[in-house]
């Protein structure tokens, strides 16, 4: 395995969230404001971004690879995004692969005017719907599941935009937090289970839709409320209207947003993410106590849980692993002479904090295990007397089909090993995962309601809350009797 | 002031170190290894990098703008850097401005073969020497002070390379940690005061010279020792030789390397940087205690001192300010409507950790004060009951002429305000700086020896340890009676 | 008017053909062969090019701005175009504007497999058809008229590909020479009037479709025959099949292809283009004789007619105007001081051949007249005693709607001036255009059959051979009683 | 041999001139005017260009790869070239290889101010001089022979600029037409033999120095006179001064400038280049008559001689070979299947003008012969009954060391074959070269004065008019008894 492959493997050894969405209606320089909102949502996707604005006459579309702070800070790009209404999207490549044509928002000139849509989540029946549409003559210009929504709106027989939009979203299944823009409206919509977040904000009277509250904070906008699971909000010049086009079901928000995806300073359904993570550390210290000299977070995502763990366990919290801030996605070294050097591109042990000590490493999750293995080895090489790994979530055993880029189930370490085997594999003195009930407690529940779980936790439990039409035969998907509305 | 200007101003509101150097002699794939070493030294300079290798026949030169992980990971670039000896340099634009021609290492074909040199530090008499050389017919192809060294070697009347090199370094003044490569040798040299760091390492028998130990760690090389102030080490096929070409003086290492520049995991002259910073936090808590509910670091540089402060003061350490990891160097928003929004591109207060609390903010230094002002305002907006700022260094009152990019003295807040005025300016309830003796204590001294200070602390004291030939008449430079050797 | 504007105006002062198409079926390295064919057709469009290949499993699409010799000679691009069947297109931006999404061939995954189409010509009812399709839910991803064809095929209710293709082409009007590629077939089709050329070739048993014979010559392919007006040829593994899906009408090939567009070495409908142009010069010498010392072509397009003129008039042919081979499309000079210098970026008079002489200038056409004006002035400044302009075509009075980029009618000099006025405008001693009958004679007819003209000559006569559905109300379009089939 | 290699070989099968120089002193927008002058000299070098301007305070330097119409038409580039004095250079890579650092003009800050120099020609003792300078400590930043001149000026012990410049040019040998710019002056200088051209022009009172008169024509400047061989002209605010710093020798202008390099519309030493070429065709028709049906030029360089030949021989002149205007420098086709197709990227026979005819092909020279071979084969494949090749110069047997990029002598076909063998090699029915006396007659002499030849014709005769210090031992260089001054 070349160094590059190793680093790519390392990049593959994390979960990736895939999308952030942001829209504003009725505010001068809407395009520029959307760049700021997307910048605050950059942690939800770094591969590409797009913005569509409407100036009352025309739609303007900009799509660029890379970070917001790359292309979207060029004055010519911002100036082309004229108008007081705009929606945007930042993505980590998920369903449909890369390529400029897959960058959202998707836009089309429909018979009754332009229509743009941005989507956080993933549909589980997009391929099936697409095949039907193609037979009727629809031509797809991308490989993204989101384009399906556009064609459903375009081919709907309903008269007005709202009805066509409802017609469309009733035919799709999976996770979707959508923001759409037409010549008259901005529409927000969450799937009936509310798997992905979507919040409503207000900037001096202009409505905002955003994936997380941190995107409101960056521009000093006021948090109004979460868009509700299954809710569709329609924002026009006259104000906001709320509809519930789906059959009501109990919501199941993605619990992993608390563990890893969301930004620590965001508030989700009334909970502060940083505080949830610290509480996870507290629960973990209670469930898996250990005698040790130092608590060391695996940077950066393990930090809040490590702080919680250290406080609960009354063990000093120290930066025993230092992260190189300048790691890009690829780093190639040819030549066998280097390949076997065990190069530490991303992290380095801070030997003085490690040597001769009993170390508790706190990380958010274990995906394939290879990164954990390396980190443990690095900490041992730095002279640790004992290494105890504590993971701020239950073992991740199943793929996500709702908008998180996960390896196929078989590549997840926890899908093929017991905790003891995993401890051996990563070579730690002890390994502890948070229990599923511990996780539910950390986010405010008393425990998991196993009949009707309060969250989507399919990555831990393989209990998928929707049908998986496009994935039948894939992996070890359990048949579900309890299906989401819209099915 | 536009948003861009603000961010630039914010970028100006930090100190910048300027260079990292790295060389290896006698190891296959030397060019690739230097890329790794420079990657580990990336915090010392992000604007551009260069590598010169020698394959026994020919020198190969690559210079590129940007991060190591950009151009220097392209296989064609690495493959062109043939040979088992190579030196490299990563830079933050300092003396001489930008431009490809200023990217180091400098290389020239001299009468007796190729000669390459990479320099961390800054010369204080380069312009004066350059004028003399130009009168003799030397043509300068860059505006860098480092090129002067090359011409001094080229025009030296001495016979052999070592003597010519010594002839050259005896004529220059200021801060210099040099790594040079010829057809036969790799040479390392620190100025007599040892202002900038330089360490010697070993990788399976191949010698390494590097600015910091973290560049040894990345490739698993062994730390041998610091190159001594005033020492010149000559590495050839036959081994290593040490010389001391300068008149001996007491060393004065840059104390700010401990405060801010060096990487926390590096060991400098026997001290761990992270530990020094934590100890700074401890001293600060002792010198400037305060009753508070939470200790919040200004990310990322304030973290170690904040941990130390929190432990010493027994106040909880919390991530009350969240940093956006994706901030580039420029972020432009046109339009007045946005300019006045107080956009928070870089940081966001984590309101839940702040609201209703007495907050101690810990930062490493105050440069112009505008960034501190904004951060304090952000924390107040998030509902802090009290805001107390604690700074992990004494007030910075004077420009650095030894390789750190500082604003002119007049722009340094501490050069024109008392601590009370500064507290008013940044609007805190209390403001505390570490004392100069406290700083010396944190790095292991009992106090500052005011007769012959153990470190260069000119940025705090304006006591420059060398003549400032090129800067006469600049700022409020005090005449010095005690001059460095080589003068 | 700035120099740039002037040069742009000059670029606007020529007619531009817009497309070349090329396809090959059943030959190893089909993608690479298409690059060669398009290179030979580069004179038909220089702005962008695209190639679609099919390897029996998958279609591969490459679209790039610029010349074939730019992007399409990169090995990675060629290597991605796997397979033994490929079609390509080179374009001058016409209908639909620029942008990557308008680069042909267009490709879509239809319900029964991939479908690619490349189009030379221009449809006159594309907008009308598009509006109907949009109402049915079709989403257009470009602004090109060609995409309409793709949607007509996609939405056709017919069963098999041939029938769907026929269904589609029967609904379009205007000029179209099409090459399409499916998983089983390559299809060629010319509109019933055969306005644009399309030839059939053979390379060691592999069929080729190409706009001109010069694209066969470049690879040593054999010319088989012209595809007939209204003919559809279907090429499969089993051979070639010919169909005539349109109601038969008398053909009307674009006569301007002979005057200007086609390459001199191409054979079109049995005539050599160079010979036709020389014969035009001969006819012109007979129709508009003049006593003179030298015949000077306006390079490069005026050369063949000037040779014919010189031979017929027995006046020496000389290169009295030298062309700069290195003129790009834009050349900017700021500053008033230069704007008024009358800079000769493109041509220079060869004074020694001009001074004191009676000069006959031969050019192919006059569009806006500003270029002619400048050239005449340049020749006068070089000392010509008399300047006589002879134009190798009749006055161009009307816009083309069949795939040639012409200024709107009002900007054509001949639409608003008599020949005498034009002579005054460009300041020549005499001005002669070829008569329409002279042009017909030069290309082998005895004269123009005014009842049923043998060619499309609408640019000279405003007699458009089809309806102009999308252009109603535009310009001075005469109603036509004789319509093309397919209407 | 791959197709790419073939095309590169084809590119190698022509001679390349290497430089054009242009300067203007005392005219607003001097930088922009230099771009125009260089554009007119683009045929003398297409690889890169540079301009240095002086605004009375500062020098401004722009160097860019590619054509003038690429980088030098960008407004930001032009705007940076402030000032009323500027010199420029366009180059084909010659001595010293490629790379940005070899792009001229060379510029340095010398002790008495900035100094820029641009050079057409090639020095024959640059390496020898460079070695001496390096021993004295000069550092070369390029591999160009021209940089030597800069160092000679920099290290000269003379007091004033003129004397230092004279000191420098007296030490160099070979071909040099120089244009230099200082804070006070523009200096032009031709080597004592006047091997390369240099003319003086006037634009409304501002002096111009340029390689050819066509660069005066483009901006409507007046031709004043040729700078004389061995002359140095010094242009200041006060006017122009002329000096002759070299020992006088009989001039020997490069006769190949008439044959191939110069633009047809330029006047060189009183002769029009186009007319000289036509006269070459006339002489060729007289010396090597042939019965034929058609005279066909090999485009584009063979056209004027073909016109002369056709007129003298009274055989029709026809464009029997059509050139593709869009050939770039590289065109890659992988795959054996294409390599052997004999692809005609650059030219195509115009079969109708060739078939069944006795063809006289007229070309300017034969370098390696491979291109001629291909062209002849192409003409035979098009059905020519007989093919007679006539070459508008004597056989080229020796390399040029004066600024023309020629293959080493051994690769020149004429250096190893008789005319009969060459005729066999390229497979023509007859082959005729112009005699050396015929060439001298065509350019106005009665014959070659073999004692003291009127031109440099070393490429035909191997009689080099200077020492070849750097090339001793290279090729079959004859010792010369008659040396140029400056030696």
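Each chain carries a letter (A, B, C and D) given by its place in the written order, and its residues are counted from 1.
Just so we're on the same page, a contact is a pair of C-beta atoms (placed from the backbone, for glycine too) under 8 Å apart; a residue touches a chain by one contact, two chains touch by 3 or more.
Note that the structure is a prediction, hence the values are computed from the model and not measured.
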Set of chains adjacent to chain A and to chain C: none
Same or different residue numbers at the chain C/chain D copy interface, by half rule: same
Most remote chain, CA-based centroid, reference being chain B: C
Distance between the centres, which are taken as Cα means, of chain D and chain C, whole angstrom: 37
Rounded Å distance between chain B and chain D, as computed from the means of their C-alpha atoms: 51
Rounded Å distance between chain A and chain D, as computed from the means of their C-alpha atoms: 63
Residues of chain D whose C-beta touches two or more other chains: none
Chain C partner contacts - residues on chain D that touch it in the complex: 27-29, 32-33, 35-36, 39-40, 42-43, 46, 67-70, 73-75, 78-79, 214, 217-220, 263-265, 267, 272, 274-275, 300, 303-304, 307, 311, 316-319, 322, 324-328, 330-335, 337-338, 341-345, 348-353
Chain B residues touching chain D - in the complex, by the definition given at the top: 100, 108-111, 131, 134-141, 150-151, 154-156
